[in-house]
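The same chain A turns up in both complexes below, where it pairs with chain B and then with chain C.
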Partner chain A sequence: MSVVAHLPHRSLSLTEEEAAQPPSMELTGRRRMSPADRGLSQTLYEEFHQDPRYHEYVLGCLNCGECTTGCPAARFYDFSPREMLQIAATGDATTLWDALQEKIWSCCQCYTCNMRCRFGNDIAGIISVMRELSVRHGLEATRKTLAPFGRSLTLLMTVGTQVSADMIQPDFFRDWGPFATGSDQVWGVSPEVMRKAIPLDVLQTTRSSWEVSVQTSLELFRIYEETGVLDMLRGLDPDLTEMLVDIIEERREEFREAREKYRDELITMKGPVASFEG
Partner chain B sequence: MNPVLVVGGGPAGLSAAAELASLGAEALLVEKEGYLGGNPKRWHYSLLAPDLKPAEEVLGDLLGKVEGNPRVEVRLGTSVTAVDPAPPGFRVTLQGGKGPEGREVSAVILATGFDHFDSRRKFEYGYGRYPDVLDFKELEGMIHDDKVLRPSDGKPPKRIAWVLCVGSRDLQVGNPWCCRMGCVVSIKQAVEIRQKHPEMEAFVYYMDIRTYGLWEDLYWKSMQQYGVKFIRGRIGQITLAEGGKRLLATGEDTLLSRPTEVPFDMVVLASGMEPGQGTKRMAELFHLPVGPEGFITPKISDINPVDSGVPGLYLAGAATGPKAIPDSVTEGMGAALRAYQHARR
Partner chain C sequence: MLNAAEIKKVLEERTQRQRGTGKKVTDVREEMLRLEEKGELLIHRIRPENRPVQMQTLFGWNKKIPTDRLWHHKSCGQCGNIPGYPSSLLWVMNQTGRRYLNEPHQTSCTAWNYHGTATSNPVALAAVAARNFHRAYETDHFPLVHCGTSFGDYKEMRKLLVENAEVRHKVREVLRGMGRDLVLPEEIVHYSEWVQAMAPEIVARRRFDVSAVVATVHEPCHYYKMVPEDAVYDEAVYGGQRPAVPTGILLSLGARVADYSTWYDCCGFGFRHILSEREFSRSFANLRKIRPMVEEAHADVAITSDTGCVTTLDKSQWIGKAHGQSYLLPVLADVQFAALAMGAHPYKIAQVHWHASPVDHLLEKMGIDWRSAKNEFMEYLKALKNGTAPELLHAPRAEIEQYFAINKGQVLPVEEPSVASASVSPGNGRVSS
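And now, the complex of A and B:
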């Protein structure tokens, strides 16, 4: 066994292979991991730090906690953007691994933390880089965490939105807390006034806002294909991916039929409409 | 020998003028305000950290050497509006009550100091909107007069919070530097209040406590002897609570890693130091280089912080960066000596 394995803060039962893992700046007293997980955690760590966005998003941290002050997730979960920034900056692969299991999914990507940060970090951005990492590698925990969100994901992938204006009501967003949509103190104006600012024709549109044009759906899907999002998702949830492919195939078919039917009008139309056929 | 022009009547300028006089030179002390003593005088600083000596005593000592000194000509309410080189010195135009006046001077010392950060710019703290959110320079005056009362209802506060680094270490307001004084002055204020009013609770919200050097003692004592409480984290917003009667300070306790919301009767903002208006104007007038922060950059700041690089032009005090009074006084002496050497040559 290597000398490293005998250091007092480690479990003495580390295997040869575990002890031989290239050390990052490890924290003491870490728990045991299977060699496979340890290897993967190291890969994830390296990939994360090589992401070109890393150095753009993680600049440094005063640990002031102002990002946490405005974070809706921090109020309800054992989670804080400051902690995420610390995890992003740590040299300990195991800490990153732990966060990738579940914590990263507490964030609702509202970007309030970014607006608060006095150091100019892109905290919400680095959290989404972590999410990409965990999805790309199809982590078991990620699979489990995201399983209940199949419906939201399906809407997002096929329609591009899962929230419509009339859903912005306290009942829909209990996790935002009692004041989020009900208080003048938070917004400076009452929700009634805010709602007046929303154009009438987009209010009460739970249905219509999900009825996007077929071109929009096809364009969205084309983007997911071209940017590799679909492949990423396939690794995580092949069944859902197949379902999405089916839905979009139907739409493509719909589009082909429509094109056939209205061929004459389409020929006179300008622009790249026809190219979303896929 | 023509007099040496000293621009600015705060601690650094007073010290420079007093030192010139003691060397046997003439000093022309120009101050744009109608009084001498600079920011400590303007805001009625109470006790000065770390020795807790009354500001009046410290200033009084300096003022005594300047006011009525036959070698120091004091010009209040006066600014320097133009300058031309007249080797080995300068020809300057002064603008006071009675219109422009040209003067020949043998050297110039810029002691134009700092301005307190305008806390209204941190709109999330509600300074200027909520009467019980104070700037710590205002609390200085209250402590000085022993009238620590809530401006909203005139009642003594039961629980007071200090928010450190307001307008300092903050890229969003464009001030990434440290003010050097906010920590020690806030802790000193908390100690003063706990000494006189042990029934008032004192909480200090901090990111780092920078009571550098021997001032660390005050930090320790504030906990050991005076029970001042320290919470690690910067307050992110202040709102009203309890029907507008109290203030609610929201932030993160970064040691416990939980968001916190605590009601206070009074919140005190430790506003940072920015280059003074006079500093900016003189930097332009004398074509001096300023750093990204807007303070004047000495030629070789590590071995000669009072030398501007222009022969006959010297710098002292917070014109070159946030500075404590003892440091400003020392630089005033150094600049006086250099100006004297130049004028004698």
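And now, the complex of A and C:
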């Protein structure tokens, strides 16, 4: 019996249900897009080329492939920094749209491609510009890709650190093994006690990487408000954004109450402590 | 490998500020000075009381590394899941009598999030950098950046703030709203550069002989690939062909540094991947980094100098046994290794219990009695559980600091030493002279 006979077999004829579906690709080979998506892709294309960083980052390409040879993501994904650069340099609205769906998120942002590029392109940088674009417009694929980041974004936006000890839970980091998570199964004490055993007082918390003062977190949130980051996030996840605004409002209230409580001590102080109103 | 004449030629070319491309690279610090003269910004200068040490960067430019009166710009990833990293650094500072400020009035650089999710933009990143720079400035302590990504990001942001007037004006406006000014530090300094600068003092305090230890080095990408011209190089380390840190301190301590074929690869952290696509991170770390380190270099330990690299290389290994890859190579930061060699307590200070790959064999090879230290630590945990006050490396923050970034400026933590002098006794005879 030939080898072919052992291969999985699928009938050539379509079921009625299959036949009723439109083909996934048009005959030109282009992805099927709704008129709305086509319009959005054109907007994205224009915004991308108008970004002031575009001409600084995209300088030219010899197609030598040095960037891709050193790329960690290229070893494991259908991804190539050379392709990204080519799309940035010569692609049209459709090819950019396709790249924004998934491929841009494969990049590790290690900057190895930049270091290897003979032309001095900033490939990692132009991929970041593409990513920002996809976040700002809340593309569906981007929402899905970033869905697992709600917790870390909450932490980052409210206190300005990316991780906390209570995020590194054995259930979510099973692949790290029993020792990496400060698990009470190993040491017989709670994660809170494990953190107490760190000889730096500001690290003795499980809720953030370190304890961040209220003034500091309010200053950070002001930066997010005034530089468009909050609006950007609103496009991606409006519910999360409203929750963040509520959290910060509570911290502002806490700050105001503390100003009352410590009024006598604060009167003698100068600089931002005295002038910052939260 | 290049011969001596070729290396010399490369170094001469670098001195002429030419990269391989022939593209001119300008020194952003020169423009910074011009902007200060015009009143556009302030420069946080390194002064004699910072006890600076001179080093050289990629193109042979001088870089001053302050070694005293430092403001710790902590790393969110280190503090979050490998806390022995910062505690080792502060312990070494205590041992060498360096003054510092470790306070709650700092945010992370937020660049992990930016490189992972892009939910930020350059103006916001620059404003965050400038906010933290100003905080260090008003306390009169020079910022020391713990994380490789923060180091790379802050160099990018310094460049952006210097070269782009529009961003500079916007950031200054944001800062004014919180009563702060635009201040840029004279140098952006990575903690591993401080470790390198302190090598003579660290070696002088070495208590364990590490000459039997074979170490492999992973060079953090964001240390030298983001803004290449500002990384530190030394002709005595790899002939100046690779960054001098963190390899330099290993050589100074007397460890054997072994090479491996994939030294140039990243670790697999990926920023987004380590949190939501770890199958990539662990595959890359195990197959492209750990395996060559073990099979080619027969390493006892992998040493690196960045948050994400320690995390990925260390924590990706445990699951490898599912595919028959039980390498379990210990992964430490350079400063953890240095602290251990100086006699730091492996658990109370180096906090090796947060690491996924066991460090026991390495400690034995260094001559450290880890069993006694572990028992002592278990007792300490019990005491903490029963309400004993924790041992600290410096005086704790005041209650008011929970809310306000008070300007305590001249507080000198080292002069008020707390309990934690925690160190271990030399173990089974491998005591250095």
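By our rule, the second predicted complex is superposed on the first by the 192 of 278 C-alpha atoms of A that agree within 3 Å, B and C clash if a C-alpha of one lies under 4 Å from a C-alpha of the other, contacts with A are read in each partner's own complex, and residues count from 1 in each chain.
Basically, contacts are C-beta pairs under 8 Å (C-beta built on N, C-alpha and C of every residue); 3 or more make two chains touch, one makes a residue touch a chain.
Since the model is a prediction, treat every value here as computed from it, not as a measurement.
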May I ask you to decide whether A:152 touches chain B, chain C, both, or neither, giving the answer as first, second, both or neither?
second
Quick one: classify A:75 as touching chain B (first), chain C (second), both or neither.
both
Applying the document's definition of touching, compare chain B and chain C: which contacts more of chain A?
C
Once chain A of both complexes is superposed, is A:131 in touch with chain B (first), chain C (second), both, or neither?
second
Quick check on the superposed pair: does A:120 touch chain B, chain C, both, or neither? Answer first, second, both or neither.
both
Could you look at A:63 and tell me whether it touches chain B, chain C, both or neither (first, second, both, neither)?
first
What is the shared patch of chain A, the residues that chain B and chain C both contact?
70, 75, 118-120
Partner chain C, residues of chain A touching it in the complex
53, 70, 72-73, 75-77, 105, 108-112, 114-115, 118-120, 128, 131-132, 134-135, 145-146, 148-149, 152-153, 156, 159-165, 167-168, 173, 175-177, 179-180, 182, 186-190, 193-204, 208-217, 219-220, 222-224, 226-229, 232-233, 236, 254-255, 258, 262, 265-266, 269-276
Residue positions on chain A within touch of chain B in the complex are 62-66, 68-71, 74-75, 80, 82-83, 116, 118-120, 185
Give every residue of chain C touching chain A within the complex, in rising order.
19-21, 23, 74-81, 83, 86-87, 90-91, 102-108, 110, 112-124, 127-128, 131, 135, 138, 152, 170, 173-174, 177-180, 221-222, 224-226, 228, 264-266, 268-273, 275-276, 278, 280, 282-284, 288, 314-316, 318-319, 347-349, 351, 353-356, 358, 377-378, 380-382, 384-385, 390-394, 396-397, 400-407, 420, 422
Touching chain A in the complex, chain B uses residues 165, 169-172, 207-208, 232-237, 239-240, 250-254, 257, 259
